[in-house]
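These are the structures in question, set out in turn.
Common to both upcoming complexes is chain A, partnered first by chain B, then by chain C.
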Partner chain A sequence: MMPKTYLAQNRSVLIFIACLALFTLAITLMSEAYGAPLISTSFVKTLGKTLCLCLVALAMDLIWGYAGILSLGHMAFFALGGYMAGMWLMYARTEEIVVQALAQSPLPATAEEITQGIATQIFGVVGSSDFPLIWSFAHSFPLQMAMAVLVPGLLALVFGWLAFRSRVTGVYLSILTQAMTLALSLYLFQNDSGLRGNNGLSGLQNIPGLGDVGQDKLSIWFFWASALALGLGYIALSFVVSGKFGSVIRAIRDDEQRVRFLGYSVEGYKLFLFTLTAIIAALAGVLYYPQAGIINPAELAPIASIYLAVWVAIGGRGRLYGAVIGAAFVSLLSSWFTGGRAPSIPLGFYTVNWVDWWLVLLGGAFVAVTLFAPKGFGGLFDRFSGRRSPDRKGAALGPDDGSLMEKEAEA
Partner chain B sequence: MTLLLRTLLVVLLLLPGLARAEGEAAALIEANRALIEKPSRQTIGPFIAELAASGDPMAAQILQAWEGKRLGLRKADGALFILAAEGEGFVLTDLTGKAAGTAAKADITELKPNAGVRGLIATALVQFTLSGPDMAARKAALDSIARDPSADHLGPLRGSIAGEDDAALLAQKQRLERLLTLQFDVDSAARVAAIQGFGTDLGLDVRGALNPLVATKRQALAGELPEGANLARELTIGRDLSRDEAYDLLVGAGLAPARLTLADQRAALAANLKDGAVAGVALAELATQGARDQAYDALEKAGLVPAAATEAEVDAAIKAHRFVDVYAEADPAVTAAAQAALGGIGTKVGAMQAADLALDAISLASIYFLAAIGLAITFGVMRVINMAHGEFIMMGAYTGYVVQLFVPNYTLSILIALPLAFAVTFAAGVAMERLIIRHLYKRPLETLLATFGVSIALQQLAKNIFGTQARPLTAPAWLDGAWVLNDVVSISYIRIAIFVLAMVFLGFFLWLMKRTRLGLQVRAVTQNPGMAASMGINPDRINMLTFGIGSGIAGIAGVAIGLFAKVTSELGNDYIVQSFMTVVVGGVGNIWGTLAGATLIGGLQKVIEWLNPSNTLAAQTYMILFIILFIQFRPRGIIALKGRAAGD
Partner chain C sequence: MSALLEVSGVSVTFDGFRAINNLSFNIGIGELRAVIGPNGAGKTTFMDIVTGKTRPDTGTVTFGERSVSLLSLSEAQIARAGVGRKFQRPTVFEDQSVTENLLMALKANRSPWRVLFWKPKVEDMARVQALAAQVGLADQLARKSGELSHGQKQWLEIGMLLAQEPRLLLVDEPAAGMTLAEREQTTAMLVDLAKTRAVVVVEHDMEFVRRLNCKVTVLHEGSVLAEGSLDHVTANPQVIDVYLGRG
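For the complex of A and B:
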C-alpha cells in the first residue's frame, strides 16, 4: 500500500503507532470488561472521547499547522458528524422501543404507525410529530453514515470554495469561519431546525441492536474504534504531509503568493485540505458522540473551535504528534480540574477552588505558551531529537499570517 | 334581559328632563319594599333604573349604600336606613338624608343583595360617577368603561357629556362615546357615522372596537342563507379551504357522518378479532394499511361495523353544501364601513410600521456601532485582533454596576461610571498591549489566540468575582419610558441615548484621528512604523495609547449596553462576533465603513426579524449567511481603502 521508504523515512509514525497500540492494550487490560477492573467505565469513555478529540486535533493541525489556515469552524464539522450519527442512533433506538410498545396492541403495527410513533417520541419535545426532511435517511445505517461524511464535507466544500475563491485569508478567514460556526449553532438552537433545538439528541450511548451488551463492554469497543481511527488518521495525514504535496501546502502556509506565481493552484490545494480535514473532523464526531451520549447545539459554539486551536498550539503546531499530545493533555487536564477532583489550595484568606479557577489558569497558560513557547510540547521533544530552529534573525518563514515563526521552524 | 337593558337605557336617556322632587327616592323605595328586601337579578332591574332616574340627589347615596351592603331595616318598625358602623352599633341616616340617631347591631337587619344584583346597581351608579364632582373618580370610571365596554354604558356616558367641564376628560368622553356608539348603538346610520368619524385613526382602541365588527364565522350550509345573516364571502373548495377542512366543517355542523380515523379503524378491527383473523384476513397480514382497509370493508359488508364515509360520499356531501364566511355582526352597512375603515387604517399602520422598523433598525445599528467602534480603532486602524474586546465591554458594564453599589443616585452614578469605565478599560488595554500584543505585532493569528486566552481568563474571573447571575445596571429615571409618536411608532429613551452616544463617539473618533497630533501620529505609525519612528514619533508609545483608547471606548460602550442588556460575565460574548463582522463588512480602517457596516447589519437583522417575527435566532443565522455571501462580492468591505492606505 505504502512505499517502504515512506515508513523508513517517518520513524515518528512507527513510534506513534506503537505507543498508541501499547496504550490501547494497557487500557483494555485494566478495564472492567476485559481485565483487572482498575479503571472505571466512565474513565474508559473519557479516554475514548479524548482519542476522538486527538483525531480532530490532527485535522486542525493539518489545516492550521501545515497549511496556515486558522479555521475556527472545525468543531462545527465535528459536531455535524456527531449529529448525523446521532440521528441514526436515536431513530434506530426509538424504533426498537416503539416496536416493542406497539407489540402490546392486538393488531400488528403498520409501517406508518411505527414511523409515526418514532416521530412522536423524538419530536414531541419540540411540539411536532412529523419527520423533517433532513431525517429522510435516518432509518438506514449506511445511508446515514454516508450523510455523516457528505453533509460536513459538502458544507466545507461550498464554504471553502466561496472563501478561497474570493481570496479571504489570514484573520479574515478565521473570523469568517467563526461566523459560519455561530450561524450554524444559532440555526440548530431553533426548535424548527428539525434537530430538536436546544434539547439536542440524547440517549446516544444506547447502541441499537446491542441492548444486552453492557456499557462496560461498549465503552471498550468504542475505545478500540477510536484508537483505530486515530491510528489510521495519523498514518493517512502523515502520508499527506510528506512528499511533494506536503511541501506545497507548507509553502502555501509561508508564502501563498509565491506558490501561486510558481503555477500551483493554491485555491485547489486549500479547498482539498479544508474539505479533507472537515471530513476527518466529522468522522471523529461520529465516534465521539455515542461515547458522550448527548449532543446539543452548545457543542458547536465558536468557543469550542477556538479550544481546538488552543490544543494544537499547546502541543506545538506543524507536527502531528504535537496536536495529539496537546489535545490529550489539555482535555484530560481540563476534565480533571473541572470534574472537581483536583485538590483545592487553601491560601488562608481565600481557597483556590479549581472548578472556578481552571479557566483562568488555562487562559494564562495559553498566553504564556503563545509568547514564550511557540513550539509548545513539541519543544520538549526537540531536546531529544536534536531538531534545531533556523537562524533567520527573527524573521518568520514567510510573509503570510499563518507562516511559521523562526522558533517553530526546523532548520 | 335585552328588554330590561332597553328600559334602563331609555330611562337613563330621559334623565336630565326628569328632575323630580326630593324625597322621590324614599317614596319609590317605600312603594317597592318587597323587591328591595328580597331582590333578585331577574326582577330588580326596572326598579333600579327608576331609582337612578328619579333625579333625587339621595338616589346615588342610597344605591351606593345598597351596593356596599350598608342598607338596613330597623326591626322595630321596618323603616329603611343608610348605615354607618360605629362601635357596637350603627349610625343611621334616613332615606331623605337626615340623621336618624343610632341603633344597636341587634336591632338592625342588614340587606345583603347578591353579586348579580350588586352588578346591576354598579352599572346604574356609573352614571353618577361619570357626572360626579370628583375628577379622579370620573377618569377612573372612563378608564374602566374603556377596558370593558358594554352596551349598558352608552346611555350613562352620553348623559354625562353635556355636564363635563374638564376639556381633556370631555375629549376622552366624546371619543369613548363614539367608540361605544359604533359598537352598540341601535341605529345603523349612527354607527356608520361613528366609524367614518374616526377616519384612519391609528389608536389601538379604534382597531380594538372595529375588529370584532368584521369577525367572521365559517359555516357549512345545507340550503339558503338563514334570514338576517350578513354574508362576508362565499368559499370555494380548493382555493379558500381544503377538501378536508370543508368536510370537517360538515361533520362539526352535524351535516355529515364523521370519517373513519385510523385509531377508530384499529379499535373496530381489534374488537372483531376472532380466531386469529378479522373477517377472513389473517392477523399477521394486518401490518399494512391496505389489508386493514380490506378487512374493514369486509366487516362493513357483514354489518358488524358502522359504514365509514367513502371518498365518493365525501365529495357528494361537499358538493351538496355551501361554505360561507358569515359576519357575527348582523348589519351589512356597519360591516362594510368597518371593513373600509380598517383597510384605510391598515395602509397607514403599514407605513407607520415601516417607520417603526426603521427606528428599530437605527437603534440596533447604533448598538452594534457602539460595540464595534473600539474595534474600529484596535482592529480597523492597528490591525490587532483583540478577542478580549467583548470582555472589555463586560468590564465597562461591571464598572457601572460597582459604581451603583456605592452611589445610589442613578444619574450621578452613570455620570461617574462613564469616565471610570473608560479609565479601567484604558488601563486594562494598555496593560494588555504592553504585556502581550507588543510581542505579537505582525503575528495576527497568534494575537487572536493569545487574546482569546485573556478573554476566557477575564470571563472566568468576572464569574468568580460577581457570580453567574445577572447584575442590575439601572438607568436613571429620566431615561425610563419611551418617546411615543402614536400607537404604532415609539422608541425608548435609552435607545435614543445610545444613538446620541454613538454619534458622539463617531464625532470623537473623527476629531481624534483627523484633527489631533495623536491621530496624525497613529495614522503614520500604522502606515509605516519605521518611517514614523525616523520622523521622531515613538511607535511604542503611540501603539500603547491607541490601543488604550480603543479599549477605553469599549468600556464606555459597556456601560451603555449594560443599561438595557443583562450584565453577566458572558455579555461580551454576545457582541464579539457581530462587532468583528461590523468592522469587516464595513471595510477595515475606515470609520465611515464601520458606520455603514453597523447600519447594514442592524437594518438587515430587523428586516429579517420582521419577515419572520417569531424567530430572532433565525434572523441572526440568515444575517451571518448574508455577510458570508457579501464578503464574496466585496471582500474588502463596503468602503474599501485604496492605494497605499490599504497597506499592500
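For the complex of A and C:
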C-alpha cells in the first residue's frame, strides 16, 4: 500500500478550492461594483481581510499544529509585511500628489525637489523631512515587494537560528517569540524608528496609479487577490504537510529527540518551517493592510499573535481547513461583536455590552474548546467523515510538549 | 579485527556523580557484542555518549576506518555517519502508520528541500514491504504504530534501524517486557542483523545473552569490569560479587 500522498489528500483540497471559488463568486455578484449591491464596500473589505487572516492561520497551523512549535510571534511578520507594502503605497501615492502640486509652479520641478516634497509630506508628523535609510527602496514597487519578503524572512531566519540552535522549546520558545513581537512593536512606537512612530502608515487604501478607480472596485480586486493567495497557500501547504516532509515534521512535534537519531537535523527543519511560515504571514500582511488602510505599531502587540493561536485552536489544530474555519469564524464574530452591531443584553441590574464582554466570551470559548472539544471545529467534520480518535486511555501521542493529544489524533 | 568504534578514557559526571568512569573499549567491524551490568552501571549513558546525546567530560570516541571523532558531531550527523540506536522503551512515531515510520527511516537524503520533493519510488515501497516482512509486520503496514503491541513496536523500531542501514547498531534492552515467544524472535533478528553490521546489545536477561552467543562486556560503576565469553565472565569472582550474586 502506498502511503498517503498529496494525491490522496487532494479530495479535501479540491473541496476547499471549490468552496472558496463559490464564495468569491457569490460575494462578487453581491458587491456594489460587480453585481446587485447587496453588501457594502466596507463589508467586502472585511471579508477580504478575513481571507488574509485565514492565510496567516494556515501558516500558524503548519508551525504549531503540524510541527508543534507554539510560536506566539507570527503576527509580527504579518505586520512587517504590511509595513513594507505600506511604505511603497505611501511613497508612490504621495509622489503623485507632490508631482501634481509642483506642476503648477512655473519652473519644472527637479527630482530632488520632488523627493524632498514627498519626505516632508510623509515625515512631517514626526518632525522630520528626510528619508530614513530603510526607505531606500520605497520608490520602486518590485524592490519594495522584495523587501516585504526579505525583511520578515531574514528576521525569522536570524531569530529562529538563535532560538533553535540553543534548543529552546515549549513554553520558553513561546515566551521568546512574544518578547520578539513586543520589542519590535515598542521599537516601532518610537518616532525615530523611521516608520512614523505611533502614527504608523496611513492612506494605504489609495492605490498609486489607480486614483480613478473607486473603492468599490478596488475592494473587490483585493478580495480576489486575497482569495487567490489563500487558495494557492492552501494548495502549497497541503503539499508541504503531505508526504515524507509532513511525516518528519509531525514526528518532530511528537518526539524530536527520536527524529534526531534518525539522522534528520531537527533544528534545520524548524528553521525552515519558521522562516517559511514567516514569509507566508508577511505576504498575507501585504494584502491585508491596503484593505485596512492603516497600519501602526499596535498591530504587533503580543496579544495579536495569541489570538492567532486561539483561532487555530478553535478551528482544530493539525488540519488545514480547521485553521481556516477557526480564523474566519472567530475574526468575523469578533468584528461583529466589537463593531457595536451585536445587540446589548439588558439584565435589569446590568447591561451586557458586547464591545466589553466579547473578549470574556472568547476567552471562555477558548477554555471550553481546550477542555471539552480539543478537536475544535474540525470535530464537527469528523461526524461526517467518520474519523475517530484512538483509544489510548488519555496518553498523548509522544513525549514532547507540543505532541498531539489523544483526542486530536486519528485512529 | 579492526575497530569500528573506539571508546577511550571517557568519563561523564552528572552533578558530581561519576556515571562513566574512564571507560575504554572497542567494537570491531561486524561484531556482535553484549553489554551487561547492574542497574545504574552506565549502560544507557554509554549509548547516550556514542550517539551524541550526552557530551563526555574527557575521553575520545572515534568511528569508522577514518576514525572520525563523534564528539564534534550532532546527534543527526552521528546517525547519518552510520550509528543507529534502539531505545530502552520502544519509541516509534505513534500517530503515524508503520509504512510512514519505515519510509522516514529509509536511507535517503535528509535535508529539508530534498525531503519536501521526495517521492517514494517502486523500489522504496518494495524495500518497506521487505523490511516489514523481516520484522514480522508485513500485514500491519497501514496501521498506526500506536495501535501495535509492545513487542510489535520493538520490532518496528528494529525495522526502522534496518532501514537506516547503519554500520553500528546500539540496542538497549530489546527483550524488556516481551513474552517468551517474542524474545526468541528478537534474538533471531539480532543475530541475523549482526551478520551484516556491528551490533551492541545491552541486556539484563542472562538467558537472552546466552542465546546471542557472543563476546560479553560487563560494566560496573561506569567502567569495564570484565570482558570475554559469557562463561568466562560469569566465572569471574568480581562479577559474581557485584552483579550475579545479588541477582
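Following the convention adopted for this analysis, the second predicted complex is superposed on the first by the 402 of 411 C-alpha atoms of A that agree within 3 Å, B and C clash if a C-alpha of one lies under 4 Å from a C-alpha of the other, contacts with A are read in each partner's own complex, and residues count from 1 in each chain.
FYI, a residue touches a chain if its C-beta (ideal position, glycine included) is under 8 Å from a C-beta of that chain, and two chains touch if they have at least 3 such contacts.
Remember, predicted model here, so these are calculated numbers, not experimental data.
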(request) For A:F261, select first, second, both or neither according to whether it touches chain B, chain C, the two together, or no partner. (result) second
(message) Touch test for A:A109: chain B only (first), chain C only (second), both, or neither?
(response) first
(request) May I ask you to decide whether A:G124 touches chain B, chain C, both, or neither, giving the answer as first, second, both or neither? (result) neither
(message) Is A:P37 touching anything from chain B or chain C once the two structures are fitted on A? First, second, both or neither.
(response) neither
(request) May I ask you to decide whether A:V310 touches chain B, chain C, both, or neither, giving the answer as first, second, both or neither? (result) first
(message) Between chain B and chain C, whom does A:K244 touch in the aligned arrangement: first, second, both, or neither?
(response) second
(request) In the overlay, answer first, second, both or neither for which of chain B and chain C A:Y172 touches. (result) first
(message) Let me test your reading of the model: by the given contact rule, A:A183 touches which partner, first (chain B), second (chain C), both or neither?
(response) first
(message) Between chain B and chain C, which one contacts more residues of chain A in the superposed model?
(response) B
(message) Applying the document's definition of touch, where does A:F272 land relative to chain B and chain C: first, second, both, or neither?
(response) second
(request) Please give the residue numbers of chain B that touch chain A in the complex, ascending. (result) 262, 266, 269-270, 273, 283-284, 286-289, 292, 385, 387, 436, 439-440, 442-446, 448-450, 452-461, 463-464, 573, 577, 580-581, 584, 615, 617-618, 620-621, 624-625, 627-629, 631-633, 635
(message) Applying the document's contact rule, which stretches of chain A touch chain B when the two form their complex?
(response) 70, 105-113, 159, 162-163, 165-168, 170-172, 174-176, 178-180, 182-184, 186-187, 189-190, 192, 302-303, 306, 309-310, 313, 356-360, 362-367, 370-371, 374, 396, 401-402, 405
(request) Could you please specify the touching residues of chain C with respect to chain A in the complex? (result) 51, 53, 74-77, 79-80, 84-85, 87, 91, 93-97, 99-100, 103-105, 110-112, 115-116, 118-120, 125, 141-142, 144, 146-147, 160, 164
(request) Could you please specify the touching residues of chain A with respect to chain C in the complex? (result) 1-3, 5, 240, 243-245, 247-248, 250-251, 254-255, 257-258, 260-266, 268-269, 272, 390, 392, 397-398, 404, 409-411
